[in-house]
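In what comes next, chain A is part of two complexes: it sits with chain B in the first one and with chain C in the second one.
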Partner chain A sequence: MDVSRGASHSEAAPSTGTTIVACTYKGGVVFGADGRVSIGNYIMNRASNKIAPLSEYIFLCRSGSAPDTQIISDNVRHYLHQASAESGEEPSVLMAANLVRLLNYNNKDHLVGAMLVVGWDKHAGGQVYGVPISGTLAKEKWAIDGSGSSYIWGYCDSEFKEDMTREEAENWVKEALALAMTRDASSGGTIRMYTLDGAGVHHTYIPGDQVPQFVGDLPFPTGNPGGAVLGSAAREGGMVIG
Partner chain B sequence: MSIFSYNGAAIVAMAGKECVAIGSDLRFGVQMQTITCDTPKVFKIHDKLYLGLSGLLTDAQTLHQKLMFRHNLYKLREERDMKPSTFGHMLSNALYERRFGPYFAAPVVAGLEPDGTPFLCGMDTIGAIETAKDFMITGTSPESLYGMCESMWRPDMEPDELFETVAQCLMSGFDRDALAGWGAVIHVITKDKVISRTLKTRMD
Partner chain C sequence: MSGIGTGYDLSATTYSPDGKIFQTEYAQKAVDNSSTVLGLRCKDGVVLACEKLVLSKLLVEGSNRRIHNIDRHVGVAVAGLAPDGRMVANRAWDEAASYKRVYGEPIPGHVLCERVGSYVHMFNLYWSLRPYGSTMLMAVYDKNGPALYAVDPSGSSLRYFGTAVGKGRQAAKNEIEKLKLSEMTCREAVLEAVKILHKVHDEDGKKFELEVSWICDETNKQHQRVPAELLAEAERQAKAALEDSDMDD
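And now, the complex of A and B:
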């Protein structure tokens, strides 16, 4: 009776079909990710952490291939640690973003990682860098990535404002993630959100039942797939075939 | 992606004490995009017979329409509703007629025979029929659904208990499936009425 053998666990690679969102606000950065890791249509982890720390105030939001992005984050964390040991200073977000970008660019035939490097440093405050697949680097005021991001470009474009307050920025990130999680089957589960404002790292974990919902009470489904269309045509006196 | 996981579905049917329950999720999607969350995959044939269809939604809809057509003609000729066991075999035959160009839909039939005994059967896409005394499932995440049903089913459940069990098996089953969920509907069929309830679930 098994009718769903395609894209099953034995064939598909684990992917963080994901939504990741980051933005700058007046005073720092807010960023977040959903929690779903899927293999084909099987949800392997429904509360995963897709935000990897690269240093105390620099984070990597991961989307794309789960193992590829984990390796990239491990490597860059190691390089940054070495670099800050040699310089005696906290690493800069730009350096971290460039390291991620170089890994993506120099291994573009093998790696599939679409990531955001987000952090706070004393040179330039809060920064958001987009590092998509193949190795571009783009400094942006806000950035989104992952499969779920397709559904929220409109929302993000229209709702983003420069110099938001911390609360406005956190709401923007949370709503964007919740909207994407509603529409994208490969995003969902939980929301993890971080705020960096120079004073420290504030982590918010939103469990599945507290994620904002956008689908209200629906009417009882009629369960009449072709019937609704045919029924209304018949009522209007038109000929119904079938 | 396989044709069977193009749309996504989760359907569970269980037998209780002189009652049956059948439920499905409400998601309609195209591969990874969710389009609506008010599309049940369980259809009523008559008061004591419900049909659940997973797989490609267009084939599920067409198969449902063709079966309604055949049942309507049967009712006109026989002047009674079709027994669930008869319906199951008719469906199996209808699917095998298309052996080399099948409907990409896998059905689950749940109903009460005229004497009140529960009837459950399921088929693959070309009509291999299997009846069961406990439960029948189909969908894009069969392992999750089997696991839940196998653990939670007990014989002789009353209608309310049966509803609870089907609800929990369906919800926990499709919470691990990216292609099914976004609400659920469950019908509990007893000898004098059918109680249909929708469940509010996580919408991701």
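And now, the complex of A and C:
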């Protein structure tokens, strides 16, 4: 999945080696993503936004090639806008998912985009669609993708329950993302999470130092940069060798 | 007729001094002179019914189709020039199929009827084309519920509770106005539709047969021909009603 693993940053393309997670719950959907964009071992962006709005209540979680998924999201946003102008109604989640799927399928030789289309519409409520590379479309109760998803299938399988409450679903998404970000080198940084319940869009941003940690994780650095360890030597004017 | 639009009726791109496009009006005449077609929107679906004049004993019963399936959830009945109606129905089929391919779900009724309307309207814009001489009544049952639309030769598309086109349209519309369609099921409306067609049929005309279709909760929201027994029962009741009213005369 991660096309740039092992390559140095001068050779590799930017990749959203990523973790994206989405699930339905009783009343809507919750979904989220990590924030890391890497070129080889260089983290180009540690707080990126991998969740693109396609319409007011439909979102695209992106993993795979960053430019490919951005182009797909721009095109589908445009088509959806045209469709809702023609019909006079909000587009359905299935319409958005199908448009993403057709782009993946018809351009399978060129595109590397593994995405989740997640949203809410008035006829079918909250829905999650997996749209992996090559152009499958799968409606699911929950879905995960990206390089970090490999590490959390067990967690997701065993902890997911149907008809969770909003809080349970948000915890499930947050925990799954945090576990993947711990183990996958290409995922990490911040968590962005959305909840759609038909009444509106609720966005949660979790900065890096508030991402759940687990036994054995290195604690997030606190205090000033160049604080306790280096501070006294620097203050006294001595040379600091880090 | 030759005096009416003299000089201004030769081309669809010529207005008359009083703001009419005679070619479109003449196309409308083709529909007005054809056999009657009516549609009824009830509380649980839509019924379409066509009166078909049997022009020859050599024709197999059921030929000269006037009702077409466009998609599972859409059916149309055409009045006017049959081949023209067939072309418009084919376009509707094309639109529905391509919408399904692109958006992954069945085309909503109001989107389909707008697209067909735009298509038909285009034929009123160029002198090298003639307007379609047919009106299409469209019965649809989508996620917004059941609906009945009519697209006429000018390209205008309107939504109806009930309507009729063709020779007997005036008399048929009078009968339709007496019905309480929002309280009727499609099963009941089939009986009414057949009754109306028998009533408005030109008495010294030729033999005629009926083509009736419905789309409702009973058919699982799929457009189909009404079952033979229901049609037979409807014809029985219609003929009985005519005899009754004859006796009253």
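Everything below uses one rule, namely that the second predicted complex is superposed on the first by the 209 of 242 C-alpha atoms of A that agree within 3 Å, B and C clash if a C-alpha of one lies under 4 Å from a C-alpha of the other, contacts with A are read in each partner's own complex, and residues count from 1 in each chain.
Note that in this section a residue touches a chain if its C-beta (ideal position, glycine included) is under 8 Å from a C-beta of that chain, and two chains touch if they have at least 3 such contacts.
Computed from a prediction, not measured in an experiment: that's the story for all the values here.
In the superposition on chain A, A:A114 makes contact with neither chain B nor chain C. When the two complexes are superposed, the chain touching more residues of chain A, out of chain B and chain C, is B. Using the contact criterion defined above for the overlaid structures, shared-chain residue A:N98 touches chain C, although it does not reach chain B. Touch criterion met: A:E86 reaches chain C, while chain B stays clear of it. Touch criterion not met for A:I51: it reaches neither chain B nor chain C.
Contact with chain B, but none with chain C, is seen for A:G208 once the two complexes are overlaid on the shared chain. When the two complexes are overlaid on their common chain A, residue A:C23 makes contact with neither chain B nor chain C.
Contacts from chain A toward chain B in the complex involve residues 1-7, 17, 34, 36, 38, 40-43, 46, 147, 151, 181-189, 208-209, 211, 213-215, 217-221, 223-226, 242.
Residue ranges on chain B touching chain A, taken from their complex, read 1-5, 8, 26, 29, 31-34, 37-40, 42-44, 54-55, 57, 60-62, 64-65, 104, 106, 122-125, 130, 137-142, 144, 175-179, 182-183, 185, 196, 198, 200, 202-204. Contact residues of chain A toward chain C in the complex are 83, 86-89, 92, 94-95, 97-99, 101-102, 123, 137.
Residues 102-105, 108, 110-111, 114, 143 of chain C are the ones touching chain A in the complex.
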